[in-house]
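By written order: A, B, C and D. Residues from 1 in each chain.
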Amino acid sequence: MIVKNHKPKKIIELIMLLLISGVVLCGCTGSAGNNKEGTDAKNIKREKSSASQPVTIGLSQIGSESDWRMASTESVKAAFSSGAGYNLIFDDAQQKQENQLKAIREFIDQGVDYIILDPIVETGWDSVLSEAKEAGIPVIVYDRRVDVADDSLYACWIGSDFYLEGKRTCMWLSDFFSDRGIDHNINIINIQGTMGATAQIGRSKAIEDAVYHSRNWRLLAQESGEYTTAKGKEVMKKLLAKYGENIDVVYVENDNMAYGVIDAIRESGYVTGADIDKGEILVVSFDATHNGLQLTLDGAIAVDTECNPLYGPRLAEMVEMMEAGEDIEKETYIEEDQFSAVGYIASVNVEDTEYPVTYLTSKIIDERAY
Amino acid sequence: MSENALLELRGIYKSFPGVKALQNVDFNLRKGEIHALMGENGAGKSTLIKVLTGVYTKDEGDIRLDGQNVTIRSPQDAQHMGISTVYQEITLCPNLSVAENMYIGRSDNIIQNWKGMFEGADKMLKSLDIPAEASAQLASCSIAVQQMVAIARAVDMDCKVLILDEPTSSLDDQEVQKLFKLMRDLKERGVGIIFVTHFLDQVYEVCDKITVLRDGKLVGEYPIKDLPRVELVSKMLGKELDDMSEIKTEKKDTDKEDDSTPVYEAEGLASTEGIKPFNFYIKKGEVNGFTGLLGSGRSECVRAIFGADRVISGSVKKNGKTVKIQKPIDAMKNGIAYLPEDRKVDGIVGDLSVRENIILALQVMKGFFKPLSKAEANAFANEYIDMLKIKTASADTPIKSLSGGNQQKCIVARWLLTHPEYLILDEPTRGIDVGTKVDIQKLVLKLAGEGMSITFISSETDEMLRTCSRLIVMRDRKVVGELKGDELTQSKIMSTIAGGEGQS
Amino acid sequence: MSKKIRNMTDSNLLLAITVIVFVLMYVGAIIFQGKGFTKPQTFFNILNANAGLIILACAESLVMITGGIDISVGGMTALVSMSCAVYLDYHNGNVPVSMLIALLIGLAYGLVQGYLVAYLDIQPFIVSLAGMFFARGMTTIVNSDPFNVANESFVALKLARINVPGMGSVNKKGVYVNAYVEIGVIVALLVVILMFMMLRWTKLGRSFYAVGGNRQSALMLGINVKRTKFLSHLICSVLAGIGGYVYFLHVGSGAVTNGQGAEMNAIASSIIGGTMLTGGVGNIIGTLIGVLSLATIQNIVATAGLGEAWWTGITIAGMLCVFLVIQSVLMARKKKLMKK
Amino acid sequence: MSQKGSKGSIQDLFGKLVRKQIFIPIAALFFLLLFNLIFDPGFFVITLGTNSAGDPVLSGNLITVINMGSELAILAIGMTFVTAASGGQDISVGAAIAIAGSTLLRVLCGTNTRPAVGELRTSILVAFIISCLVAMAFGAFNGMLVAIFKIQPMVATLILYTAGRSIAAWINNNELPIISDPEFGYFGGFIPGIPVPTPVFIAVACMIVAGLVLKFTNLGLYSQAVGINESSSRLNGLNPVFIKWLTFVILGLCVAVAALIKVSRLSSINYSVIAKDIEMDAILAVALGGNALSGGKFNLWASIVGAYVIQLLTTTLFKYEVPSDALPAYKAVVVIILVVFSAPTVREKIGNLKKKTVKREVA
């Protein structure tokens, strides 16, 4: 009798338990539904197992901090789709090298066929890459570089020439100023990316070199905005409070920070634009993301140098070549464009090579893949 | 005089902000003596004990143990000197084993010797006849057993002075007898025991001497033979007392028969706490009570009436109309009020002010969206502070800083403020001083006289006899009898509880 | 069954649940995820990657058992690794001194936090919150940019492998690869063993439980509560210093983001391992298994192809949720059994 | 003689003031303002300028304090209730802000992450109401764990703390929507023509609502009673489970409002960074307000003042060019000083010291 009467409470507890595990399970089933690639991949694996094993790829991505990064991830994911005979294991390291190291070890333990790595920083990869080599798994590095003592630890590298990007931007600036006949002192602020990242090193070096070799350029401050909008805005606000109208040019090392920088400039009562003699602040940026180009079209960003995120097809090409046993080049650069709506300059010349500058229209923005 | 002296306290002073808790108090304890420390709540007993055990440091005065001056800085100090204490509230760690609770904090050994400890503990428990396993987790033992474990710990420490601070309030008679046996054994061994209790019977049963404190001052030290009860009470209260007889005459008036519909009537009521379904009614202006040994289910019955525990069967009628009482708020809406057994756990809301504590129940009944204004609340609080003579600095004082008796009065005030038709008082006099006890009993009869129905529960049978006109007797969670009129005698109650003869 | 449960201490009951769930999970991973989990190296990699966390979790368990909490251990990891990294690289220091630095940071933290909590009676949450803020801030003051330590003797120590005989596996090219653990794992296991012994077989260990179980009672039982609380924080912080160094030894870099969220992982591991935040209940072995459970589930999520960053967070939270509810329901049932 | 008496009464008054709970945060506020006054009176300059759209805006450090402190003050309200009733803290508010913000953007943008001006799918009000409901639902989840399953609040909310930002990313499929409608920016910026930042109005509105709730309902009394003695509250007809749960839902509402401001400030969201560590600041605000983190009696206004103390400290440190990452270190030092001086044991010791000196003087 008494025991019976206890039941309601127990049942409530049970229901609660079920509810909670239900919520968790829903999450899991949701995952299966959302992540169709995963389930599909398994199905194909089963179908194909008699004919040809799918190639398993482990992809260690830095994170999803910017539009650029996400476009890059999407591109790689699309290239290694299950339809194309691949089984992709994707890992988002959330901006920590530690997580990338862990992911690569997991890939090794799972015995993947290839590891693709976009390293967050250049150093600290020796031991994990030698483990991959020990296990006989080739590693393809892309976007950012790795700095290892023995470069046989990775199969190849493909990425942007960040120094060149920076050079092209500086050259554009220099051409622009001479075109406008400006030869007084130019005060520049550099909003850097995450310190130690390949892009930051290359782009920062380009502006530092340009300032060093220039007669009238001065670098007022360099500070890291860590590639994020919020941080970029915060840093810019601080610098504006310090230097105010003395600032002529802001050299921003990616578009996401540029949004923040432009916001900060506007909120502090200044105007962005190319007319630095009228007190406007000229902003140059990198990456050429959708939003970045929109701002470029509006004239808020004077020139936006592309950093091509669409690595997918090139990486797939490389994997196919390696599968076929062909030799591949150790280092390849990916092609990149430069956009401006200011429109004075048709091309820039860096070390005797002409690089065209695309005059930006809304049509171009609409046609781009990201 | 000081031959055989074990512990001597001379001129102890201790004050807290705003309160002089002890003023020039002397105390003597000899070897092999059971010494009762008596006084109302707030008389300074607890403070004196805490000074002795190192919880408080005295402001002035000397403590001499075995003739030597000592300074007691912490409970460890006290233990090392051979002063052990068993408190009313269990001061053991529920998450540790029984054995650990007996041995922890006693030696400076670095290594814990589990085997030796279990063996020693089992031996000790067996010799004291305590039904517990050394390796069991303490939380799995009943409160009484936990209390015994605490005593076993003290005994095992070969203490010279054993302080028992109201150890009996949660024990039943059998357990109390066991404890007394233990005390007498220890006395034989030459241990000096300081015994603090509110039960006068117990004092006269085991003690050799009595020291009485009042308002932080020493009243005197008396051999037990030289101090009859009435005198003890008057010394504690500081006035001659014939209130007891007054109460009796008042009660006679309420002792009458009538055939009206009961204010409250329950049939087959049972709760999750395992009481057998019982029937119960109470009429207008009636005072009745539940009696029985501790654990017989008397509190569980009234909790079921109030909906404090989950009610699982039975029907309830209020003034003849069927009502549903599932939760306390249902009961309150039906004009039932309940003063719970455990004042600290279930009664007071410690950090809130006296005012907030008094208005709480009324406020809840008024509802979430109708708070009383500050002026109204103050008016109510002050009215009851005056009416019940609650000793408090102001209505804003946190209730936890009041003495036990005054806290209890606040809770009574809280329920009176809701103007209940039916008031349940579960052990309202436990752990409070004699003066307040009498006040509360008088109040019960006064309220009944004004037409309120009251159920009164007390561990002290004479209190019940003095106030109740009908007693429901319980044994083993079952109602086993009902006594009224001439049956209301000590012996009749005892025999019904014991179940010696056929019951009605 | 119910009687057995009744006679178990709370600590053992919760430990039993943890062990069962962990074993089930690992077996499930082997069955459903296949090849990877049968390799011992997979398990060793989990140990390698989490050696630091194991030590931090032990430290956390200790304060939790004593009824406190310390949320500064993650921040300390960052501070320790950054200070040591700067010392080793910029000042070309030597490794033993860097270890001493780690210990000293731990000691300093322990002394200050312990004093504030135990003797000034300030809430441990607030004290260690300030401790976390301080450590994170100091880390950026020491150096704000992440970098990998190139100091040779340090790198040698970092790369040192202890081969586990007979546990290796054959790679794709048919070569036998030895299974190995890093030095940090040995340190972590040592800490686990020492802490286990300390908590089980020393009077001090038992007094941590007593203080956590009921502070007032512990005082009355003659335990120096303040000193016990102080020691719990002292040992915790020193262990956090060691844990921070072991973590540093694994990642080999100084970075502001080092050990981010480690305090919550340590707390979560302790809880999964059966330590209760209310104090007085807990077990170091459970904590170890808690860390391993957490890491295993992360591994399962990652290798199941749910690489999107959010799945890790959601699954861990789900697991934590299930554990907490099981614990809560079981404890409630046990209490009910007790009453009868 | 009479002089002595009046001196005594002034001392009494001061003593009373010092003993008031709200004294500590207010003293801290004054101390920080005094510090600024001495070292740089320029701190107090408020200028009326115009922003890029040509609307008048007030700017200056004090404006920054009351502007940026808004979210924290709003959260402090909810956190105070939760602390009082449950005797624990919700450490998931930062993550919950991410969820509420993400929901807000998801409802406004749908699947198009870059809606042009005027292309929002619903009105901002509808989106806000939905995000409120979502935030309250998550609050209810926390509340359920705490109230029904009796899990310690910090542990229970650890679940959402771990999962929250992931859920937020999941809601928007990890995309980062950006809203270009200027109206959306009003909540975190300025309404054209009004020079005072909008968050200030929102925060004041929240305080007024909280004040009215305290005055016209029994939430204060009930949550304190439940926090101090649950068992006794139950026997007085309260439903402790419901009240604890309710406080978490209220905190959920506060979270949604804070999320609106946060998201509006950026017109976008960054799941891993938005409102980072704000839970710690919110708890700190409650503690600085002198409220016991173990629950029970509370003073809402002291918590709110505590929130502004934290913001004032942040702004002051920024003023002295402390980099934002190093900020916590300085904050920690100030916090420790504050809590040490408000710790009862320390206060008692100082009190004793004072008494001794007074005694010596008398002697």
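By our rule, contacts are C-beta pairs under 8 Å (C-beta built on N, C-alpha and C of every residue); 3 or more make two chains touch, one makes a residue touch a chain.
Note that the structure is predicted; figures quoted are calculated from it, not measured.
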* To do: With contacts defined as at the top, give the pair, C-D or B-C, that has more of them.
  => C-D
* Asked: Comparing centres built from CA atoms, which chain ends up most distant from chain D?
  -> B
* Asked: Measuring from the mean C-alpha position of chain C to the mean C-alpha position of chain D, what distance in angstrom results?
  -> 31
* **Inter-chain centre distance, chain B versus chain D - centres from mean C-alpha coordinates, in Å** => 44
* To do: Quick one: report the Å distance separating chain A from chain B, using the average Cα coordinate of each chain.
  => 72
* Multi-partner residues of chain C (at least 2 other chains) -> 144, 308-309, 311, 314, 318, 321, 325, 329, 332
* Mind pulling the chain B residues that touch 2 or more other chains? -> 274
* Asked: Where in chain A do residues touch two or more other chains at once?
  -> 16, 64, 94-95
* Interfacial residue positions of chain D with respect to chain C in the complex -> 89, 145, 149-152, 154-156, 158-167, 169-170, 174, 280, 283-284, 287, 293-294, 323, 325-333, 335-336, 339-340, 343-346
* Which of the residues in chain C end up touching chain D in this complex? -> 69, 116, 119-123, 125-127, 129-134, 136-138, 140-141, 144, 256, 264, 267-268, 271, 277-278, 308-314, 316-318, 320-321, 324-325, 327-329, 332
* To do: State the interface residues of chain C toward chain B in the complex, per the touch definition above.
  => 6-7, 9-11, 200-207, 209-210, 212-214, 216-224, 280-281, 338, 340
* Asked: Contact residues on chain D for chain A in the complex?
  -> 49-52, 114, 144, 148-149, 169, 174-176, 178, 189, 266, 268, 270, 272-274, 318, 321, 324
* Which residues of chain B touch chain D in the complex? -> 306, 308, 327-329, 332, 338, 340, 345-352, 356, 360-361, 363-365, 367-371, 414
